[in-house]
Every structure is written in structure tokens, then in C-alpha cells.
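A short write-up of the structure that comes next.
Read from first to last, the chains carry the letters A, B and C; within each, the first residue is number 1.
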Amino acid sequence: MVVISLSYLEIRQLCFSYNSKRMVLKNIDLGVKKGEWIAILGHNGSGKSTLAKTIVGLLRPQSGSVTIDGIELTDATAYEVRKKVGIVFQNPDNQFVGVTVRDDIAFGMENLQVPRAEMEEKIQFYAKKVDMLPFLDKEPSALSGGQKQRIAIAGILAMKTELLLFDEATSMLDPSSRRELMSYIKELHREGLTIIMITHDIEEALWADRMIVLKDGAVFADDTAENLFRKPEAFREAYLELPTALQIYYELEQTGDMTPPLAETLWALGSGR
Amino acid sequence: MGIRFRSVSFSYPGFGKGFYEALRNITLNIATTGEFIALVGQTGSGKSTLAQHMNALVFPTSGSVEIFGKTITPKRDKKIKYNDLRRKVGLVFQFPEYQLFEETVEKDIMFGPLNFKIPEEKAREMAKTALQLVGLGPQYLTRNPLNLSGGEKKRVSIAGILAMNPDMLVLDEPTSGLDPYGKKAMMDLFRSIRERTDKTIIVITHDMDLVYEYMDRVLVLDNGALVFDGEPDRLFRQTDLENLHLDHPATIKVLRTVSEQLGIALDVYQKDVVGAVRELRKAVRP
Amino acid sequence: MKNIVIGQYLPGTGFFYRLDPRTKIIAVIFLMVAVFLLDTILQVSIAFVAAIVFMILGNISVRRVANGLKPLFVLLIFTFVFQIFFNRAGTLLWQDDLVFSLASISAVVAWTILWRLATRFRRFRGILFILWVAGVYLALAYLPYGPAFAPVSFEIYQKGVEMSVFVVIRLMIVIALSTILTLTTKPTDLTQGLESLMRPLKKIGINSDDFALIISISLRYIPTILDEANKIMLAQASRGADFNEGKLLAKVKQIISLLIPMFIIAFKRSEDLADAMESRNFVPGKPRTRIHELAYGGADLITAVFTVVVFAGAIILKVLP
């Protein structure tokens, strides 16, 4: 079924539950345009990872639909749709399939029955893109978490993926690896890839064009960072913390000691401009 | 007493024929009581290895570690009961999954005390107390630890070590993976332990905000060497933190940017949001 | 950092490294059968020398292969001794009366204690063992003093010696063949070779396509699992688990405290891995291309011809009177 829509990813009235007792996702409506960068924020247990898995078809919703590039995601179309979406998971070790870096980047292409010569070319190209070319014959035990995540990205890009999902992909990395991975993601976004980042780190979320806040399985807010930050109580209600600069901002506002230049500087700092 | 490191080095066989030096010539003293220490450094700088020396899980390759009067050297000493030292210095690992295994939370927390030959009834009591200390109610006692959320598992694993009533506590990244409220709850837990018992607590962490706000002393490891040992404030006044692969706390970064952009003089070294706000109010009022 | 050489694979160059794993697998099987068809010490010795010559030609360190025999040293000794004792055909070569007397038993005990003390020097274990055996023999043979049991006759027959030499050499060739295989073939190539050879099994319903993938994923996780096991042991040791001492019941508990976390982590891992594989379009049973392709070359042809000749030769030798 082809759905006419301006969005590249369209989620309509999605409902999901693991057992019939508790609804993990409640009537989720979400649209992502091609080339956008979306951050999905939420407290632990808000349904973020579950949502990610339904987008790539690892979980089938009880009701509602997921449509990617005009194709509705069903059991029959999953194979086709998965060619367009790739997901990088949280644990760098548990998604590394290959015996060596080369084998891992090849894995997705092997599944798509890409001819060998083409695979070799792509491996060289995408390994270079994530600066892992010298590591092609290395085993995963010789790599750091950040390096493994980069290889996961290379493997997905090699499948000509257009939409990249990151499910808390930086939470198991140390701060400098995190920053490094973010710089690769920013580069990919500049090149036109659509990015969805699931995170609970507000600093990472600031890079997104738009933030979607999940609370208890439902969409609590869907707006730009600037607009969301204008409602600090809402943030607190969703069990999220504002960036430090904005915490200071709101405290100062309360005590009445704010001046316009100060406000401007703090606001710019906090909202990531 | 306490823990003293004397020129401790530790290396193990690495790739090929070489040896990998995880720790280089570490000398440092840790008092039994009163200290709240942060152990920081890049991944691979040797933090976990250093922690594992503190309860004699690992022996130094050269130098010695004195733990509560017992000296640990590279050679195994038959007279020392190394297991006792593990009771005195409680080490909590980063991932609760490495530790939780019993059918109920109660049994799992009791594992430690029982291993140290504490009678069952006493161990049960200690488990209940430890659970309370970490902020979980008695209804958790009968639950399966594997069905708990990430934050709850972390707290149960800490309770498992607290139940052994150690004299000193070492925790490897207790706040990683927790949301901001979880982090706050964890730091409050440490505060309450220190208020009640004044035991020394050592925390391995990457979170500079927590270090600045809560700790009295910070140890910085870089490539196995101890490059800083002192107050967090002194550390953050150094401008070359990038060489140590460390970040400044958010409050300092914000105040610094404000000071530069608005051209106003500020004491940027504020430990928390409250301090930062206070400083800005002072600067704004003539 | 892990420095584990999985299997015995050692990177290198040479004839054997150029062979397709399938050729090597089939050749090794047929050559082993051929060796078992040989009858005389002469034939087996020629095969042995030929094996050594080929190893040298193929740039394989004979010492490494000899090291591969070390774990089976005991088996070889056992076989040797077994044949000597129980094969009573041919001419009698040696006879001695062994007496278990007060003197000889005390001497054996003293000698054994000396031997156990000397085994601290791990290097000389093999030689020390031989010395021990010799000492025991000499004591029993030449110290029949004091109260004693009736003498036991120790005999060595010609056929016994022949057979032991024969069997040992044959065993060494067989072990050498398999060592050459694992030494020169990457575990992943080996499994891919096996997978390819197993394709005919599809006709009787066994799907071998994912076999290589399953094995390679298992191999890839070995260093990870070992690392985790170590961390879990340390974490439990921090709670007083002592994996060394303790009564049986306590030991069981310690082992459970190690195994359960390992299993749980393994389950979580397989769930995560399945998700990752599925999201990358993996469909079990669906044909996939391979980044590593197996291809036969000239070396394989030579090896095939050689194997056929040797196998045929062995059969002919066996059949001819």
C-alpha cells in the first residue's frame, strides 16, 4: 500500500505491547522528513527503544502503521524496507557479527547478495569514510567501543541506507569516544542522510532539528529545542533535565536578576546555537 | 591504616611478545575514613586496574600495596588471608550483570556476607538493612534481580557489597547509564553513607559535574600514571585539561563563555548551578 | 587485549597455505585412510620420511608440528608400552625376573619421591619420566632382597617391538597430517570449506548454508566470553567467592555464581545479535554471496593427483600378496 505523504518516515497511531497487560507505546504519531535530524528523548522506560525496534520492523505493532519512503512496513515488505533503514544499537559488542572488520562490513551486503567485486569496493570506500581503513583485518577484540560503532555505521551505509537510527548508541562509550562518534554523525547528516537519535543525553539532542519527547509510552512533545526549552516545567514533567546553561537561565529569571545580554548568551549556550 | 600504594606498577602480557603496562609507578595514600575521592581518566588509563589492587583482587607486578596493615607484594604470601581484605574494601563493579545471579534479591545480597562466614540470620538482617540504605523497599526482597530495571539492578549490586559491611567502598562508574534523577539519588546515597559512617568512598567516573559538585579529592590517571592528586577545584583551574582527555564541568564552561561574551569578570569556578547563579547575581548587581 | 591463537592457525606462506580448504580436508581424509592401509614398518617409515620432506618443502616448521604431538605424548607412550607387553609373537628378545621385595619396593618408593620433587623443573619432565621408569625397572629387576612375592616374568618379544614402532610411527603421521591442516587453514576458511562440502546434504534435508556463519560467530565471541568470565570471577571474588578453596558444596555455589551471569549475558547477547542481524536483512536459509570465495587453483590439482596416486598405491600394496 503506498501512502502519499511528505514525510520520509511516517508513523501513524502506533500501539505496541509486549504482553497484553501494559501498553508500551500508545498511539504514536510521528513524521520525519528526508534529511532531518530528530532526537527522541525520554526517561528510562518511556518506550524509546521499543519505538526504534518497530521502525525497523523487529517488533510488529498491535495497531497503527510505519511507512518508510512510501512503503508501509509489513511482514512482506520488511526485507525491502530494511534496505533503507539501518540501526546502530547500544552495545557495540553485541552487534559485531564478523570475525574481522572486513567481514562485518560485508555482512549486510552478503545478505543482499551483492557480488563480491562490488562488496570489496564498498568495503574500501566506507571503511575509509569512518577512518577505519587500516583496521580491515583486525578482530573485534582489538577494537574500542567507539571504533566498533563506527564500523557498524560503515556496514549500514554500505547497504545504501538513507535513514540511520541510533538507539542510545553512545551511552556505553566514554566522553571522548562519544564526541568522536557525534562528529561522524554530523558529517553524515551534512551529506544528506536522515538521522534519528534516541538518547537521554540532552547535549547530544541539541544537534537535532527537532526533539520528540516520549513520556510513559506516548508523545509528550514534538518541537524544536528552542520551543521546548520555553516550557521548563514540561521538561521536568517528562523526567528530563535541562542543559546547565538553561537551568541557570531559569533560576536567574526567577530571582529577577536577568539582563537581556545575559539572557541571550545563556539561551544561546543552552539551546546549542 | 587505610590503603597505601608504594611505587606500584602493573603489567600483563599483551599482543605479540610485549607487555602492556597498565599502571606505572603509582604512589598514593588513602585514609580509612572521611575521604570522598573521584578516580578519573580516559578509558584504558588504568582506573579499573587500580581499583582492583585496592581489595587485593590483583597483585602488583612491582612495588607494594598496603591494605589495612597487610602488605600485598607481587609474591603471594601464605600468611595473608586475601579474602578478608575483600570484606574490608568493598568493590562494586560497573555492570550489575556480572554479579547478580540468585533467584531473589534477598539471596543475592546475602551471598557476600555468607561467603564471609556470617551466620544466616545475621546475613538476612544485613541484607534488609543494605537494601534500605540503597533506597529500595522491603518488597524488593522477594523479587528476581534479573527482572529489575537497570537502575534498580545497580542499586541491588551496591547493596550486595554494603551488606558485607566494608570499611571502605570503591565503585566503578556507579552513575553511568542512569538518568539525571538516578544520578542524584546515587550521590545522595553516598552522602548519607558518609554522614552515618564517615567511611571513605572512592568513585570511578567520567562525570566532571559530579566530581566538582560532590568530591573532595580527585585522582587523575593518564596512561597508567598518576598525574594529579588533589582538590577538584585545583584540577579544574588548570587550562590544559584536554591533554589529560578531561572535560571541564558544565558550570565552569557556561560561566567562562558568559564572562568572555559579555566582558564581565566572573569567578567561573562554581561547583553547581546554585553557585553559578549566585556568582551571576553578584556580577549583575552594581 | 587478547592474544589467543584460535585452533592452531599460524599465518604464513607456502604450498599448503595456497590450497583450497576443501582440497586439504579431502586430501587429509584420504591420506589418513591410505596410511592405515599400509602394512609394514618399511612402508610406514617411507611415508613418515615423505611427510617430513613435504613439510620442509611446504615451508612448515617441523618443530611446530612436533609440538602438536606433545599433548598426545602420553598416548604414544601408552600405545608403545601396550604393544610391547601384550604382543607375544616372534622371538624372545629380553627376559627378566621382576621381584617385588622389601628392598625393591622401598627403593621404588624412594625413587618416586625423588622424582616428584624433581618435577619442579618443568622443562625436564619428559626425561625425568623416562628416568623414573628406568629406575623402577632396575629396582625391581636387581634388588630381590628381603621378604618378597614370587617373581614376575617380564618379557619382550620381537613382534611386540615391531608392532609398537609401527603403530607409533603411523600415529605420528596421522597427527602430523591433521596438524598441517589446522596450522595452515584459518578456522573460518575451514568451516567455509566444510560448509561447501556439506552442500549435497541439502538433498536429504540438512541445510548447511548457515553452518559456516554459526561457527564463525561462535569463534568471534570466544575472546569476549573469556574476558567476561574473568570479570565475573573478579566481581564475585569481591564478594568473597573463593574459587580455589572450599568444600564441594561451597565450590558448587561459587561455580553457579560464575555460570548464571555468563548464561544471562549470553542470552542477552543472542537476542541483541539476532536483532542486529535481522535489521541488516539476514534471512536464515536465504542464499548469500560471500566476501571470501573459495577457488581451486593449480596447487589443488597437484594435491588431488598426488592423493589419488598415494591412495591407489596403498590399496594396491594391500591387495598384492
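Quick note on the criterion: contacts are C-beta pairs under 8 Å (C-beta built on N, C-alpha and C of every residue); 3 or more make two chains touch, one makes a residue touch a chain.
No experiment lies behind these values; they were computed from the predicted model shown.
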Next item on the list: Give me the chains shared as neighbours by chain A and chain C.
Entry: B
Item checked: Of all other chains, the one whose Cα centre sits farthest from chain B -> C
Item checked: Intercentroid distance (Cα basis), chain C paired with chain B, Å -> 47
Note to self: Roughly how far is chain A from chain B, centre to centre by C-alpha average, rounded to an integer in Å?
What the structure shows: 31
Notebook entry, point to check: What parts of chain C, by residue number, touch at least two of the other chains?
Noted result: 1, 268
Check: What parts of chain A, by residue number, touch at least two of the other chains?
Finding: 142
Check: Taking each residue of chain B in turn, which ones touch at least two of the other chains?
Finding: 15
Notebook entry, point to check: Which positions of chain C touch chain A when the two form their complex?
Noted result: 1-2, 188, 216-217, 219-220, 223-224, 227, 268-269, 272-273, 275-283, 286-293
Item checked: In the complex, chain C residues that touch chain B -> 1, 3, 228, 231-232, 234-242, 256-257, 260-261, 264-265, 268
Margin query: Show me the residue ranges of chain B that touch chain A in the complex, using the header's touch definition.
Written below: 15, 42-44, 149-151, 176-177, 179-182, 206, 209, 245, 247, 250-251, 254, 257-258, 261-262, 273-274, 276-277, 280-281, 284-285
Next item on the list: Under the touch definition given earlier, write down the residues of chain A that touch chain C in their complex.
Entry: 53, 56-58, 79, 82-83, 85-87, 89, 91, 93-99, 102-103, 106-116, 119-120, 123, 139-142, 155-156, 159
Notebook entry, point to check: Across the complex, what residues on chain A touch chain B?
Noted result: 43-45, 142, 144-145, 171-172, 174-177, 200, 239-241, 243-245, 247-248, 251-252, 255, 257-259, 261-262, 265-266, 269
